[in-house]
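Scrolling down, you'll hit the structures one after another.
In the two complexes below, chain A is the common chain; its partner is chain B in one and chain C in the other.
Moving on to the complex of A and B:
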């Protein structure tokens, strides 16, 4: 009886967005009197970092500091339409809509600035610190807060913009089944290193190596967090999470709360190393693809393959419990004996 | 049993409430005092999202009838920051991306605070044990462990990552 180590890998291709009757999201951008820019959305940030990434997209497009951006995701009753936060679509769909809206608002902002400075709007540029400057001049400039005040109280204009990203509906070609269900696809590979106790059947995941091709990582820190938090969830699916053996009667007898439903705790996590390959997507906001759901996928088959490498047991259903490992080992021994 | 008047030293201030026997400390914090930082996750002590400090010890406030802790000192996540200035554990959580959806964060930070108040130089293993009663579904725990260790370093005189960024 021994601890046996194994290594396995698995790859995943994952679509960004979906297309059951079209997949739109909208955004509105408008300036406050103080030169803040409100991005109004119905899209929801439930912790994935959408507000941060959207603020980055708006700031980059407007040419303003990110502190000038106010992301308002308050109300799906009154906000511009969004299909929702699912299908790994938020950054891609909403980002595109926000960039479109911010471009329109930027054009108005530059026109207001041009009228204040008495120059041509095409000769203006933003410097990223809050000033709008005449190209090639260090003195001819106006701060965005003054532009906003001028628009509101002197020129009588709204500095605003409208944006939408619409993936049009696509239906399958009857003869071939061919269709266009998504916008772009992200790719990833995870290598898992495990240790399997062939006496108890317990699997420990020692290390995970994650490589992700996600277009451009708009916020590498958040993207890394998504990859590694998602890998944790994949590991959790692989080794622990189940309503068995009570399904479908789990409400009466099975794990219905956190004290009975198994998940890896902080002592059960593997060391992780994560890398991004950046190949900007043609239709992505600044080249980004979706990275939401795919992150839980590759670790599971990678762990299964690593277990096979370690002890020769081929696991085909989750979770990979000690019982399944031991039954597999028994079958192997019986096969050898027979 | 009749309701009783309960006095708490809550985040440094003397506070009173009228509590039924079944009123939990978590109920008192959220419903009576409007302190909604501590979250009601499982309501049976299994998730840690309601963690607060009771006389300096981390407890799951959903399991404690508030009438049983009359006269105690209670510290919640709301008591950590000085106005808009986050305390070192909170700031370390921000610096190291130790929060995503945020539901577990107040409990995590209070468990970490209890650890660091008791032991400013914890090992990784001790950090892990301190937060093992707090469930996180987003982060995979590693950033949280990193943040707590960074806050511990800060208490030993090493600046937080954000402090360098501000200079």
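Moving on to the complex of A and C:
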């Protein structure tokens, strides 16, 4: 009886957006009196950081510091329609809608600034610090708060913009399945290193190595949290979870709380080493693809394949409980004996 | 300091154009401080003096006819205000996906003359306190006649299986077909030409979303007659529109306020709690709260579908996969919810990120007398990837081939036609494999190192 180590690989892709498209999101942007910009949505931030990434998209497009951006969302009385937060669509769909809205607002902002400075709007640029400047000049500039005040109280203009993103719906051909399901695909390769106790059947995931190609890492900290958190979920799916442990044979013994429905604790979390690659997507916001869901996927087969590498047991049914490992080992021994 | 994954600029360098000031920087998450200081406000943090509570009496049977429902015991419990049955639900039958044209409406908000799974809601009890609501729900008496239950996807499709659905089939019907099909090339010819056939069968069990914060809402009647719904839904308008359809009220009479969610993972895309809480609020004229208990979250709320996936591959001795046939069963449980959509997504995902000239996919959305499954992070793909990538490892082992070289040889590239006949673009499977090989010091020969997603070398 021994602890036996193995390494397994898995490579995957994942589509961005609702399958077959047809899932719009809208955004409104307007300036407040002193140059704050409110991004109004009905999108839901699940805790994955959507509000933050959306604020970054707005700030980048407007050419303003992120501190100028307020995201007001998830109230159907005020925010325009969003299909919802699922299908790895939030950053892509809402990001694109916000960029479109912010571009329209930016055009007005530059026109107001141009009228204040008595120059052409095409000759102006933003510098990211809050100033709008004449290109090539260090003196000719105006702060966004003065632009917003001028728009409100002198020029009588609304600095605002509207945005929507829709991937037009595709209808599958029933006979062949011909369809256009996705906006783009993100990619990942995960390598799992495991240790299997061939006496107890317990699998420990020691290390995970991930490379993710995600179009553009709009916020590399949040993207990292997706990769590492998703890997935790994948590991949990692989080794622990089911509401029906004896599926499909029995509905009995279903767990009803977290003492019965086991998930990995801190001691079960493997060391993770990751890398991002960026191949910007043609229709992504700044090239970004959706990775909200896929990060749970590759670890599962990588762990299964690592277990095979360690002890020669091919696990074909999730979750990979110690019982399944031990039964597999028994079959191997029986095969050798026979 | 946040953990930052490095970006490897060596790949796709020519395509990574653009000069950014805010994009690409590690701006701190706007909700982080609130979460760690306990200041984030979730819907349940709202305290209203006259709030009522909704609890559900649920089916104890997998499949049964309901002969009689006796709610008199519930009404005798002190504090119980109302009992809601299907007769109180204006449009009792629904399917959430009708908003994107999927039908038929196959699920009742509250059971009428039959139940299709254990845990199916039959009666909702509205009371002054949670305890009274729970006690009232426990006192409801239902007289059943058991019907034969179908608890296995392949048994459900077998000849002679009891038909459990009113639509007349135990599977979702895709434009006249009993499954979502993908047909590309000629899979039988591919098998005939292959050096060997490698088969595998993979399966999974239902999985719970396990959010820290259970699914729920509080509905507050407004002075102007509208209802304000405070909810942790993942999709504000999806919830609003579906709720309005069930209630038979103008959508302008509802307002959804949300946006703070203690874990979703797809579990908060079903529209289960809001319609009943709205009805409770309308009937009592008081705020109503309906939130799943942990046990309901785990045993009654939708799961990730259990899947069963059979793969048959035609493989050449040099590692090329020339044919792949996939039969995939999604256990939708008793009702559609999002499963017909997820099954099409599963079909679209096959045969994985590989270019295979002959592909045949039959993806079945199957109804059984189990807890309905629905949306969950990656559904349609997660279990498929487990099957596909386990199978790739099995092929590599059988051929005695390096598992990464096998994948690189078959990896899809820009310009390849996928099985669903879309031309691939923006692919990067080759590069993530090359990069991951480097991360673990896995040697690749020069011809594999030189491969690129942008172009396919001949030979």
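FYI, the second predicted complex is superposed on the first by the 319 of 338 C-alpha atoms of A that agree within 3 Å, B and C clash if a C-alpha of one lies under 4 Å from a C-alpha of the other, contacts with A are read in each partner's own complex, and residues count from 1 in each chain.
Just so we're on the same page, a contact is a pair of C-beta atoms (placed from the backbone, for glycine too) under 8 Å apart; a residue touches a chain by one contact, two chains touch by 3 or more.
From a predicted model like this one, the values you see are computed outputs, not experimental measurements.
In the superposition on chain A, contact of A:267 is made with chain B only, not with chain C.
When the two complexes are overlaid on their common chain A, residue A:222 makes contact with chain B and with chain C alike. In the superposed pair of complexes, A:232 makes contact with chain B only, with no contact to chain C.
The wider contact with chain A, measured as residues touched, comes from C rather than the other of chain B and chain C. In the superposition on chain A, A:257 makes contact with both chain B and chain C.
Of the two partner chains placed by superposition, A:195 touches none, neither chain B nor chain C. Within the superposed three-chain model, A:177 lies in touch with chain C and out of touch with chain B [touch as defined at top].
In the superposed pair of complexes, A:71 makes contact with chain C only, with no contact to chain B. By the touch criterion defined above, A:125 lies against neither chain B nor chain C after alignment on the C-alpha atoms of chain A. Legend: residue contacts after superposition of the two complexes on their common chain; A:213 is shown touching chain C, with no touch to chain B. Residues 46-47, 49, 221-222, 225, 228, 230, 233, 257-258, 263 of chain A contact both chain B in one complex and chain C in the other.
Listed in rising order, the residues of chain B touching chain A in the complex are 41-42, 44-47, 97, 99-102, 127-129, 131-132, 135, 137-145.
Considering their complex, residues 2-8, 11-12, 15-18, 20-31, 35, 62, 100, 118, 151-153, 174-177, 180-184, 200-208, 210, 233-238, 240, 254-266, 269, 294-295, 298-299, 303, 306, 331, 341, 344-345, 347-349, 352-353, 361, 370-371, 375, 377-378, 380-383, 385-386, 388-390, 392-394, 397, 403-404, 407, 411-412, 419-422, 424-429, 431-433, 435-436, 439-440, 442, 453 of chain C touch chain A. Taken together, the chain A residues at the contact with chain C in this complex read 7-15, 19-20, 22, 42-47, 49, 51-52, 55-57, 59-60, 63, 65-66, 71, 73-77, 79, 81-86, 128, 169, 172, 174-182, 184-185, 187-191, 209-213, 215-225, 227-228, 230, 233, 237, 241-245, 247-248, 251, 254-258, 261, 263, 273-282, 286-287, 292-294, 296-298, 300-302, 304-305, 308, 314-319.
Only residues 46-49, 221-222, 225, 228-233, 257-259, 263, 265-267, 269, 272 of chain A touch chain B when the two sit together in their complex.
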